[in-house]
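Each of the next two complexes has chain A plus one other chain: chain B in the first, chain C in the second.
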Partner chain A sequence: MAKVLGYEYGKKEVMRTKYGVVSGLWVCAESQYKKIREKFPSSFDQSGHNEEVLKGTRRMLLSATERSYLYESLHSKHIIRPDGRNIKQFRPIQSHTGFLELSNGSSKITLSDGSECIVSIKAKVVDKAQEQDLVSVDLEIAGHREDSPYTLSLTSTLQSLYAKHIPRESLNLTSKFAYKLYIDILVIATYSHPLTMMSLATYLALQSTFLPKLTSSVDDKEIEEQPTFHDYEFVKLQVTVPVIFTVAVIGENCIIDPSAEEMEVSDNGLIVSWFDGKPISPMGTVRLSETNIKSLNPALIVKSVDLVSSIANSPWNVQIILS
Partner chain B sequence: MDGRRWNELRRFQCRINTHPNSADGSSFVEQGNSKVVCIVEGPMEPPSRSQLSATEATLNISLNVTPFSSIDRKRRNKNERRIQEIITSLKRTFEQSIITDKYPRTTISITCHVLTLDGGLISAVTNSITLALIDAGIAMYDYISSVSAGFYDNTPLLDLNQLEENDLSYLTIGIVGKSEKLALLILENKIPLDKLEGVLAIAVAGGHRIRDMMDKEVRRHGELRLSKLANK
Partner chain C sequence: MEDSDNADDEDGSMQNRAIVTPGELVTDDPVWMKGHGTYYLENRTYSSVAGTVSRVNRLLSVIPIRGRYQPETGDHIVGRITEVGQKRWKVDIGAKQDAVLMLGSVNLPGGVLRRKNEADELQMRNFLKEGDLLNAEVQSLFQDGSASLHTRSLKYGKLRDGVFLKVPSSLVVRSKYHSHELPGGVSVILGVNGYVWLRKTSDLQQQQSASHVGKDAAALSTRGNYSVGNASVTITRLEEESSWEIYSDVNDQISQSIRETITRYANCIKILAYCEIGITLERVTACYEASMAYDEAGKLIDREVMESIGDDVITAEKYRG
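Presenting the complex of A and B:
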């Protein structure tokens, strides 16, 4: 009786390499599966989580030789990335904004590997005294359940990021009322780690958000007054928005925006959030690959923050990415 | 309501092969202000044996009405009864129109994302699925084109928007190609029996118009592909 370990369904032997069990080939006999599991427990812990991650990523699979070739070329002093980028370079990004008429702001981002994400911003007038957070993030990833740990952890990362760093003043209406922003993120397809894509799309959507213009008075402390709005004039939302970068660590090297293949061979992953010219929380490690996760040299965290800052602080780069 | 004549369709625009890298077949349909993205994957080996049929393909349809699609933001449960009912009827429709016995032991998974919704949910979704299936190269007997039609004050009305849909009784039909055969008929409230014929008649005529527009897009895309091949 064959046991399916993951998503890919093919009848091949499980191979063992110096990097661990090759994840492309997931079907093996029950007895063999147990043996491998005993031998490489680290590859199988949180197996439920692994399958979750694998579901959305069907093309990540590398053979043993491809894997070792790629690892060597990314590990060496002169990094050669499979698509010829340098360590600071993003993949080409295609974006559209303002295509959803029923939302206050919207954006769509497509990466070169076919990953795609749509963000909608909707605003609602709320009583400031009753609402704690003026930003609410809702995430949906095609192929994942809404209550899956994968989706939930990404949602909480983004929620904490935006709730903390989007200033309340920029959403202020009157002394009583404020706008509450509902950020809905829909990931149609993803092959690499989706955080960068989602945060860039949200950045774009927030930068192209238009809110109805207030016509009633700003000060309603004395008189009970419901805010009223202009019928067709809008005001552009002025906010500074944090952005999250994903960095893959391989040996002593850090590379930005890893593709699915690079994620597969990476030793570890880092997310670095950037806001107002400095790194902020959440910053931490992420699982980019299922098998060979290695511990992280703290010096590399500093190195990757430097890498991100060289990108984020260069206005030229940011414009390229975000225009 | 929006200044159209009774037999006029809303602006209909469609694109196929919108996600060439991430799916086998994909389409984007705009019907008035409703926007639907459809993604088809397959025919592929099913994730679990239990879903496998030895003689024909199994269809997996999921319909995602996004919380930001309506004017007021509203979270919808995936298992909401209305959504489940729509999925069931879509499944029945497309099981009939896809030549399923050509693809034994496989599944075809169809995902629809409704980005904005302004009436005509079922018709926009049906049209987008048809186009995405064509783009995926899955054998079908003919186009299924779909349109809604309502009835108000002794006049039948074609292709209702959300406001009209809220107040009128209406039906949605799916027509097979250029014939007058119906693959899908959904009537969620009541229409007088003697008036039904007139409503169906304009719906069929509207469906044929939509079929022509979808066909035009498919041919345009086909020519584009062909010219690319020829240039190589």
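Presenting the complex of A and C:
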């Protein structure tokens, strides 16, 4: 059975398949997967964002007068957001952690607009020599097929983000074995861009992950030994986790955490990932609305990064967001 | 067996129990007629929704606590055009089906006493297009419960100069008036279907409310000298020119302060909805006053703040009696 396996970001590739011409998508049989992966590593590892992929976001219908009212309010120097927030303010987030009995860590967050997301973290003991990545992300978005370009692109963004930035040492067990984390993200409903919600939920889940305590020796280089674990004692996972922020750009203004209406009238959108006090990749433009996309002044990218930094680097703010 | 035991219990406590859940036995007395929100199995009447039991004479029905809006003739509603079709628009009013607005049920530009023609049918998108918001009245209901709307009054028509928000339709109390002027130069249309439009009070409206004078006097004051000779011509021309304006897509100039007031009112209505308080003009005003304790409208989205303001509104109402 043919299956969509990856996405080409750098350059447009056109393939002729029995499904017709597919551009940018690799449609192939499972057996060919490895070959293609070797040939075009960029299509699997690169963590850019393709604008076309994000058409999956639900379209919001606005009347012409509503649109111009919103745009003017957000465009003016003295910015007025439709719900009165300031440019740094998030919508209220409700969260629960550790409610899934069968996983090592879990979290659920609900946004005030009804968007909802559940994350589960499961750990498995693997042989370090055989596993390339110690993190695997699986994403399911209600209303989208798992092999849709929208879901695939978000999965690959998160996969590369976490694989790169969750340190291998923190998952280390012995000199031979390590934990591999399986991050399962289920988006139940989404009315605005889901990346921030997913990354915050994953952040919370990873911060409340407990792994079985190792009782056998850490050093198994000399003697072949399977790791054994304590029956009921768990150790809290200590990791630093990157977070992705969404910024909408309207005129000269940048606003954090845009709602669906704000997304619809925005000129452009940016995602900024934050890790360890500095911006990291993926960082780039993201399509927040179907129409009305304008080019982006590079000065505004700097402005948005400043905006994110003022939020992310203030411990009080992060606490507010994640409390 | 168990069922019949249950039935006895239910029957005994039926009188004082106000709320029933779906599948719950309401009565096993066959004399009751089955109304909305109930179903009938083996001589017993069960509730099909969560809500309160209502008994009118022999008619037994359950009024749902929540659910989609059910249109009734005469309701003042706010809707959004979803489709432009043959001589009709489809309007989303938050009901089970989209409502219908016939081309013949709207005011056409060029005078009230005008028949619709083929040209109108071809330029329907110039009047109302997909996404446009309008307020209208439910003219009649079809057999399947969907509504037919009309905008044949000056108070209905396309909406401008403001923002739209949704609240549960069950929170909007049906009353004589659904269009109100609020302090601060803002007007609100609280659609019975739970769709709300907040806008800047138009200059025309302000004039009307400032001096309660008749139509002619208002016309006199706006046009200055009133002379009999050319009046009839001017009035028709005025109508012709201004009537296209009822379908205009351009907002008035709206000042920063009005925009801020609108945002605050929007958050106040969301607070009432969050606290499950029925939304009326008095409560919106009271909530607005209570919200003044917070200098920024953005603070009104926190749950604690919303709850405390909701409590304030309720206690203030209790004091007044």
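Keep this in mind: the second predicted complex is superposed on the first by the 264 of 323 C-alpha atoms of A that agree within 3 Å, B and C clash if a C-alpha of one lies under 4 Å from a C-alpha of the other, contacts with A are read in each partner's own complex, and residues count from 1 in each chain.
We adopt the following convention: contacts are C-beta pairs under 8 Å (C-beta built on N, C-alpha and C of every residue); 3 or more make two chains touch, one makes a residue touch a chain.
Predicted model only: the values in this text are computed from it and were never measured.
S.K.: Counting only touches as set out at the top, which of chain B and chain C does A:Gln89 meet: first, second, both, neither?
M.R.: second
S.K.: Once chain A of both complexes is superposed, is A:Val235 in touch with chain B (first), chain C (second), both, or neither?
M.R.: neither
S.K.: Just checking: does A:Ala189 make contact with chain B only, chain C only, both, or neither of them? Give me first, second, both or neither.
M.R.: In the superposition, A:Ala189 contacts chain B only.
S.K.: So in the superposed three-chain picture, is A:Val302 touching just chain B, just chain C, both, or none of them (first/second/both/neither)?
M.R.: After superposing on A, A:Val302 lies clear of both chain B and chain C.
S.K.: Residue overlap on chain A between the chain B contact set and the chain C contact set?
M.R.: Of chain A, residues 112 contact chain B in one complex and chain C in the other.
S.K.: Mind listing the chain B positions that touch chain A in their complex?
M.R.: 19-23, 33, 35, 37, 39, 45, 47, 64, 66-71, 73, 75, 78, 111, 113, 115-116, 118
S.K.: Which residues of chain A touch chain C once you look at their complex with the stated criterion?
M.R.: That would be residues 61-66, 68-70, 72-73, 76, 78, 80-86, 89, 91-92, 112 of chain A.
S.K.: Applying the document's contact rule, which stretches of chain C touch chain A when the two form their complex?
M.R.: 80, 82, 130-133, 158-164, 249-251, 254, 256, 259-260, 263-264, 266-267, 270, 296-303
S.K.: Which residues of chain A touch chain B once you look at their complex with the stated criterion?
M.R.: 7, 9, 100-103, 112-116, 118, 120, 122, 124, 138, 140, 142, 146, 182, 184, 186, 188-189, 191
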